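Just below sit the structures, each encoded as structure tokens.
You will see chain A twice below: alongside chain B first, and alongside chain C after that.
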Partner chain A sequence: MLSRQYLWPITLLHLCLGTIASPQEIFDEKLSLNTLQDGKVASKFTFTTLLNGASPRDPRTLHKEDDSQHYTLFPLALGQILREYGVTELHLTLNAGKWNYDRWGYPEEKGVGTGAELWAWMGDGANTTIDERWKGLRNSLSGLFCASIASLDELRTTSPSQSFAPEGALPDWDLPHQLRHASLPSEHVCTENLTPFLKLLPCKSLSGIAALLNPHKLFDADWHGMGVHVLWRGDEGVEVQLTFQTVSDPLRITSRKSQDWSLQSLFDRTVDRTCPVAETSQIFVTLPNRGLYSISPEPSVSKNGLAIYDVKSVNKPLNVELKWPEAFNYPLSYSSGTTPFSVKRTLTGSSQALGRLSVAITNHRTEAISVLYLETMPWLLQFFLHTLEARIDGVLAHDIISDLTYIPSVPHSRPTTFQALLHLPPKKTVQIKMDVTKAFLRYTEHPPDAQRGWDLPPAILVPVERSQNDSSSFTPLGGPVYTSTLLVDLATPDFSMPYNVIIFTCTLIAGLFGTVFNILTRKWVVVRLAAQP
Partner chain B sequence: MTWIFAVQEGIYLFNHDIDPYSGGSFRHSPLLLSFFATILPNSTKLASILWAVNDVVGALAMVQIYRARQNVRQSPRDTLVAALYILNPYILLSSLALSTSSIENTLMLVSIMFACQGKASASLFILSFLTHLSLSSLVVVLPILLLLIGSPVSSLASPKALQANIKRTVSLFGEFGLYFGVLTLVSTLVCGNCGWISQTWGATLMLPDLTPTTGLWWYFFTEMFDHFRPFFLMVFNVHLIIYVVPICIKFQYDPLYATFLLIGILSLFKSYTTLSDPGLFLSMIAVFPEIFYYLRHPIVTALLHLHASLLMPLFHHLWLTQGTGNANFFYATTLVFACANGAALIDCLWAGLRIAIGPDVDGYVVTQE
Partner chain C sequence: MALPPPPSLPSTLRDPKSLFFQQDGIRRAIIASYWALIILALPLWWYTTSIERLSLPSTRIQQLAHNHLELPIKICLETREGTLVEQVKSQLLAGKSQDPLRWKGLAPEVIGSADCGKYAESGAYIVKFKSGTPMSINDRELHIPSSSEYTSALANTLTSLIAPYSASSDPDNRVVQYSPHYRLAFSLLNEDAAAGDAVLGWNIQAAIRKYINPITQRLSALHNFTVESQVQFHAPLAFLPRQLDDVYGIEPADLTVFVNSAEWTLSSSSSNDPVLHFILFIPSSQRRPLRILLNDGKSRDSTAFLLPQWGGIVIHNPPTPTDAALPSQALHIVFSSFANQLSSLLGIPVLPNNIDQHSDAGVSDWQLDALTRRRTLENAEGSRDTLLSIVKLVNQIENMPVGPDVRDDVEGALSAFHTMSESASSSLAQAFAYSAQSFVLASRAFFSPGMLALLYFPAEHTYAVYSPLFASALIPLLVAALREYLAWKRERKEKLEREREKRE
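Now for the complex of A and B:
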């Protein structure tokens, strides 16, 4: 009988010990710094929280009360949204600027499309449809990050599942999983998005690497973008990765022609304290592979051209500094390094009714490569697929384009999904051209600054190879390459005179109607004119 | 909307196993699609020959209508009538642009021609085909049915109550319905589903595409407040068919003239008008030489047309290509164009009724009470 009385406290104690022994939530922070060919510095902050043993919510339980969730490090606000809409995998990126693949190579964080991009994998089978949950997800994230993600509505939502394969695992629920993807190129990331982002971190921006996230410097960078990635790592659990990536230009801020940089010069801050809950906290610096340079302080570990600082053990305040004795000379040409091909997309034609979309892809490799080309175009631009042609050096090449998938747009709602497999011959430039029509919008559909035009989302090109077992699917060989966004100038009606137009047209129609029925109904008479005096 | 580019796009999608009616800008009937996709090779050169042949057929049909109207086997004016059709700038321009509305015009003329010759089945079949291509053509079904039971010979000058057996129209309408049903079935079989209905007929009624045309709809619904849009769509559609019965009753003694007037109504008020719609109406005036004397203001009408046809391409270019004008410029010219067509319609309507009173006599004036 005694044992029963003491059983509860003992069990509790065991539970506590168990928690301490194998932590439920693991938080890691990491900063990698990389000097680029053109003297700029790419930095990427990664904050990873792993919720051990957790799994995404089964959509079949969405209508029931959710199991209670207890988070200490995992961001609660985000966790609630994920549970509420049964999201298995989620990727949100908010970027400003155009990532220059030719000079900067592949980014560490691959979602670098200009503007906002959101894609999520969700299991079907809930009481509510995927589209309803997608709408709810957009609105919640919009509120959480103070961004116009809610305007990623059905005008911009597509489902190009081949180009956006899930990065984590999908639970085996015997339910089909579906992708929803939308991008809004005109959305710009700014301080109001960073503040809620920082709130999701366990140490905010008070200590650890996150202390370097100084909005004044981040948003001054040539390129900057933040990302939220949620994925399920199978048995390990649910992982949330918060990333912030910048490309800053040390040459811009110095009067000397020097590409020297330090944490102080890049972020105007140093790392003064460690974040106590962080499991690991590391700074990776990619060392230049040629030329004289000096790095201080001495890194904790240095291997494979990487200098690694363990923030927990090094002396603080930590101010990593990389210096070159010689002045920086801009290279005359850039080696295309990690990107096998470069892309240039333009919209030509001066008319507001017609245009031509042209994409030039140059293969830098000495072997042929296959690329999956994806356009998710709002209905503002409608493709004429029969004019699609590929040329190499001005000569028509018919075998370049294959495996065409095309979902035409629906005016005033669905966007176009256009996907094709391109075969790029070695060391050649392929020109792809297609005629397009530009839409005529209702006057209520135009944005307040209608004359500015509309931003069109970037196209996405993924190097792929055909799967061995299934000829209709592809295995990606590298990260996606985002093209620059386009600006389309649509014809505008006169915004000041809807009433006038309604009145003019109605008057004309009423006048004709009246006259016609007047003539039809009135009686004919012969009038004798009075004799002239 | 009637653009050859859109047809080619539809054929391309169709040949690549993509349903052209699953969205996009293809709004042509599946009949036209299958016609082009199977019978004709897809080349612009062949298309221009086809369009030329199509125009010649239209002109011949109009000559036949003219002969039937005059009740002669041959007339010295045949060439003139044909030339008035082929060389009408509105018709010529849309043929040069390879607009599918030229095909619709020819079908309309051929259908009227058969109706004039009393060949009911041929006329009704072509009419149902035409209605498939452009739903608005439903407006001319009633006068053509009357024409089939009546006579094409002019009796404008001697109005009398309809003498033919009106009950025959019911069976003729049944025949029309049968053809229409069969063609609908064929279209559905071609597409494999009913999605084409909302893309073709639905577009005629709902106006999803606001591309500028020569008509009155596009700018009106561009500038329409969202909450009034369904109401005004209803008003505009009902307004189009409201003329049918009054004109048919008034001109029951001359159904060909009623058909002619309703073609004028169509060219003014239908949803996606092209240049060739008013072109057909204006060319058809040649079939009714008896009314010329009674037209009140032909000069004004002609000048309005001249004004509109000179300024319309100019302002379209200024707005969309040059970027120096705005939408109101082009809208204003479409209003003038509508005035010109309205003036022509009203004048013809007036003259068609006025002719019954006889020529003017000094000291008397004929007017309406």
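Now for the complex of A and C:
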């Protein structure tokens, strides 16, 4: 504490410099609404706060006292966590439901894997290890969002850096940056996660576009998910993007066969007031490209098939309404223009010891595409890699799988990381199969609650092309596609009657012990019967 | 007549005793080996099921209960009048016996000398008599006019400077518990910014430099501080203010529920340090001016209030139209209140009214010393109580493990406590540093998560699991051993009798 005296001048100097280079904060909010082929409506809220001129904390300074944090719009609770653990980039998504790529197209917010997914890039070089900081980060985020992110432990943490390239810039510290990724498919998003999420917004859910975030309607939607993305935009500063995405079904809430929707029908609210600190506040509506429709009120700008409402200038309350005069007919077939391939993943086999993982990937394009296939499987399911095979129309095809990376799982601790490059021929379906073995758990590893099986995280497929200059790395051509999650049923003992189990065991032991002991120590006597008269 | 045995039966079966495994010796060896195995396995069982309980220095900790810290306070009166020195001395002693709680742990020592300068180095307080100047303090000096009316009040003045913490000085326990590190969280809360006329920003860094840093720097030997700030644009109240003629009022009962922690995000979970909150609350433009009501329903002049051990709140009613950023004049009013609130939360004593302060240091040496003495005594007491509780708890709960980390912390706390007692007479700063160390280590040992491990695994549970297993195996073993012992005794008796008969 004595050395504090000498630290003060330095701290003061820092403070002075801090005032001169005081970061400016900019907040933008945006809502985009998109009518889907099957009559559903995809809506995505994006709240972006840019902390101008800020940069992530250098991990070499983590053991020192941090600079004071003074924020106007940037969420302090999140800023503290980011600085405490020296996180350069962070992505957290909490989703419920399965995103139907074939019907709904590629989502605006790409992290749509079922359950919780967290990945972060952190610079090495602190006097605590990356894994300790990752653990602290998980626990803090768990507390902040009231979610079981803390259970994204070593059993689920992998580092597939090729599929999760940083979306922002990484600071030039001459330090290696490392990725940590984990997903928990059994975690579902609900109101207890939305409440802390709303508290991170400058205008909470009380004014501006955020006022539409009505939990009753959001969690009633067919698909819903929230996301927190923090990245460093190089010269611009640190950006926090809070997103909420839903797919609601207007056909479900009306008795008529009508796909008409309005903000009132989708969210049960309208935009009544503007958020006073939002730099921009806009609603984008993608206009249908076919048929007759009417949109009200008149949009501020309308271009490229988009109707744009500037919430600050339009009359309030604002209730955007899209109407069709004709009844809705479900299309007979769906065409996906935004996803080049579709994936089905299943786990077959009825035994509790062995099974088979099978993935069917259909290329919709007329040209061949390359896809990076990634499985981050907890050790609950272990792969027999020698049984890996790829077939097209039932015929073995050897040249489909290449560039295989495999980090085997370690029972009770590390998950498998399996990554392979797949070459999908045009207009064909590739079947990939692999035998798997199911784990036998220790009794303490079983969850204490009612059991329905174990959720396994989705596989991730990223369309890529090989880099020009470095043949071992890939350049992504599009965002990742998440497969559905799997459910595996492992051998589970009957936990319902522990004392009965003890008693049964004791009876067995007593029987065995008694028999052996009796035979060993029995005294044989000849009994002479009395002679018969 | 007995039937002759069938000729096919082997001779051994006619007399099983001649079978080798039916010999008494073999059977007894089998039973003995079972027992030998059990006895040999006992240490292993004991080792695998026992709980690690390292011994704590209980007797040395028990001795602490009688160890009361006394901090000497040297006061030098720059005078040749021996009577005055004796007078002040006896008055201080009388005050100490009248109010022992206020003087607890403090041992004032009054000396008179023509040249007090030589005592200044050892941290003594010097009282100088100067005619014609008002009563004032400078560093560790007290300047007092040399007229008789002042000298008679000298003892009272010294009391309020040296032992300012009387029972009435902190009636509602405002002062926070000692922690080596505090977070100061400043929040600008707009009740409803969307209603217009909101304060959207403040020059927080300049304000903290000007008003808060002088205090935190002065106290840097006692605490470290982390400062953070945020602005919120929607911070609704949990109650409706009462509407009066031209103002809105908060009733005294509502002040306790003013902080709406469900809606306001005030602190995060990133550290365990205690947080002191300072909230600037801007009422919605429809509810201005917002004032605090007194019990009789009239509005109070001040709009600042303090929540004991939690933080301070200032309600600011900006004029309409409102500047987007808080003007410097308003900032001055608000942060002067925050600085006052911080001082009283940290326990900085208030100077007596009739004393002028020479330097602009803000917190004088007299105040800082009084606070350091208070914290030293508090920490020493806290550390002693915690150590005694640990020993009591460990003795009470026999299943509680005591690992090496707990033992090391307890030892560390104890040795820091002893070093503190030794250094108390020489250096106050050192005594404080050791008291803080002792307190922190003792608290860490007390809250060590390792001590909870087997708390919920009572002995009854163990018996319930063990008894079915052991009973089913042990009872046949016991019975067999008993039977063999009786058989052996009977045989021996018969043998002896047979031998006696033979001899006879």
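Rule of thumb we're sticking to: the second predicted complex is superposed on the first by the 469 of 533 C-alpha atoms of A that agree within 3 Å, B and C clash if a C-alpha of one lies under 4 Å from a C-alpha of the other, contacts with A are read in each partner's own complex, and residues count from 1 in each chain.
Just so we're on the same page, a contact is a pair of C-beta atoms (placed from the backbone, for glycine too) under 8 Å apart; a residue touches a chain by one contact, two chains touch by 3 or more.
On a predicted model such as this, the values are computed, not experimentally measured, just so you know.
Shared-chain residue A:143: touches chain C; no touch with chain B. When the two complexes are overlaid on their common chain A, residue A:256 makes contact with neither chain B nor chain C.
After overlaying the two complexes on the shared chain, residue contacts for A:398 are found with neither chain B nor chain C.
Using the contact criterion defined above for the overlaid structures, shared-chain residue A:303 touches neither chain B nor chain C, since it reaches no partner. Contact with both chain B and chain C is seen for A:502 once the two complexes are overlaid on the shared chain. In the superposition on chain A, contact of A:412 is made with chain B only, not with chain C. By the touch criterion defined above, A:513 reaches both chain B and chain C.
Touch criterion met: A:443 reaches chain B, while chain C stays clear of it. In the superposed model, A:527 makes contact with chain B only, not with chain C.
Overlap of the chain B and chain C interfaces on chain A: residues 502, 505, 509, 513, 517-518, 520, 523-526, 528-529, 531. Within the complex, the chain B residues that touch chain A are 5, 8-9, 11-13, 16, 18, 20, 22-26, 208-212, 216, 218-226, 239, 243, 246-247, 250, 268-269, 319-321, 323, 326-328, 331, 335, 338-339, 342, 345-346, 349-350, 353-354, 356-357, 363-369. Put simply, chain A touches chain C in their complex at residues 1-2, 4-5, 8, 12, 15, 18-19, 22, 65-66, 68-73, 75-78, 80-81, 84, 140, 143-144, 196, 199-200, 202-204, 206-208, 273-277, 499, 502-503, 505-507, 509-510, 513-514, 517-518, 520-521, 523-526, 528-529, 531.
Taken in their complex, chain C has these residues touching chain A: 1-3, 13-16, 19, 22, 27, 30-31, 34, 180, 192-194, 196, 198, 200-201, 204-206, 208-209, 213, 217, 220-221, 224, 226-234, 236, 263, 265, 267-271, 433, 464-465, 468-469, 472-473, 476-477, 480.
Note for the complex: chain A touches chain B at residues 350-353, 382, 384-386, 404, 406-412, 414, 416, 435, 437, 440-444, 491-494, 497-498, 501-502, 504-505, 508-509, 511-513, 515-520, 522-529, 531.
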